[in-house]
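Quick one: the structure is below, questions incoming.
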Amino acid sequence: MTSRFNLTKEHPMPLINVQLFEGRSTEIKRELAQALTAEACRVLGCGKDAVDIIFTDIKRSDWARAGELWSDK
Amino acid sequence: MTSRFNLTKEHPMPLINVQLFEGRSTEIKRELAQALTAEACRVLGCGKDAVDIIFTDIKRSDWARAGELWSDK
Amino acid sequence: MTSRFNLTKEHPMPLINVQLFEGRSTEIKRELAQALTAEACRVLGCGKDAVDIIFTDIKRSDWARAGELWSDK
Amino acid sequence: MTSRFNLTKEHPMPLINVQLFEGRSTEIKRELAQALTAEACRVLGCGKDAVDIIFTDIKRSDWARAGELWSDK
Amino acid sequence: MTSRFNLTKEHPMPLINVQLFEGRSTEIKRELAQALTAEACRVLGCGKDAVDIIFTDIKRSDWARAGELWSDK
Amino acid sequence: MTSRFNLTKEHPMPLINVQLFEGRSTEIKRELAQALTAEACRVLGCGKDAVDIIFTDIKRSDWARAGELWSDK
């Protein structure tokens, strides 16, 4: 497919940061990294070496929605 | 007020990240989340459900100004 | 108040990033910067020189919730 | 599945930022948002309303690897 | 030097984001990318292929210190 | 040099975030902060008071390349 081929040549280089509540296991992160990388490559038409993913754990007491910490909800 | 009404309809969706030195208590963060959310809603004319706030604690040994770590100042 | 005085001495140094949909005027950002700075100083007990705020405009076609771009909602 | 059920109750709340070279179309971002959201929900066991994705376009002249701008490679 | 050799083996993988006021030329960014990469490699003991640098231009009207936009100072 | 002088007057204000694998000592970060600040000032033509650097430690189990966590490589 032409547009995908062009995307490949253009190196889309996705760098993905995933912020999520702490407590996910390494097994879950491993599976999520594989899944997000596979989908990014499929949609963007790039090789998987081009994909970086960084997970950032957030404490529920460090995230607020509607002015209320998640640890208080 | 018309412009505020339009802003509301446009969903400004503020996502606020606050990086600050570690050591602030959950009580302080709870109060700060409430205060920043209230002001964002007042100025942007949005509902508070639209406001997300994430706090990121930074160690004084991980932040430098003028080439010097804050833990060394 | 003792704890607030200590916080002041500890330089909480809030660095606040506000991501929001593009289209807010400079007047709105100016007012929001003032308001968030004032509240951060009040709650954290720091001088306003310690507060940095950066606004990042996001296009509605660059933000998705529930798998749908906001520009499509 | 018990652990997935627990994760759901714990609200993992993934907030995903995707930095990539500018030039991807809205159609590609729409498809990528859908795909990443679906995979995040499947692996983390959360509802799709919990998933936010923000795309950040980077110019090739604003990204360097090995000390060389991608626009120069 | 042993510790540097170990750091090399441990892949420190620095990913450097530089936010700065818009208006710097590509020539300046090219020179800055080279210089920051060289220093990161020297201090961390890693190969330059491990270093990524992303520049993010910020408008003076999008950055406030002490509650005042830089464009107003 | 004129352009450098102008850059100085324009306050480039570099705010540098360095994400790297955890395990670097405070001594290494101190040296890196000094080195990156010096080079940013030299290239951008700004005073060192204008330079902020924040280090963010990343666990090898929180960073994936090519869909594989670095802790698994």
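Letters A, B, C, D, E and F mark the chains as written, and numbering starts fresh at 1 in each.
By definition in this document, contacts are C-beta pairs under 8 Å (C-beta built on N, C-alpha and C of every residue); 3 or more make two chains touch, one makes a residue touch a chain.
For clarity, every value in this text was computed on a predicted model and none was experimentally measured.
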* Structure fact -> Comparing contact pairs by residue number, the option in A-B, E-F or A-D matching B-F for over half of them is A-B
* So if I superpose subunit E on subunit F by CA, what angle comes out, to the nearest 5°? -> 180
* To do: Count the residue numbers both subunit A and subunit D use at their shared interface, divide by all numbers used there, and answer same if that is over half, different if under half.
  => same
* Structure fact -> Note: subunit C sits from subunit B at a C-alpha centroid distance in Å of 4
* **Between subunit D and subunit C, distance of the C-alpha-averaged centres to the nearest whole Å** => 23
* Using the touch rule from the top of the page, what residues of subunit F touch 2 or more other chains? -> 15, 19, 38, 52, 54, 58, 63
* Asked: Where on subunit D does subunit E make contact in their complex?
  -> 19, 58, 61-69, 71-72
* What does subunit D use to touch subunit A in their complex? -> 7, 10-21, 23-24, 28, 31-32, 35-36, 38-40, 42-44, 58, 63, 70
* So in the complex, which bits of subunit C are touching subunit E? -> 26, 29-30, 33-34, 37-38, 48-49, 51-57
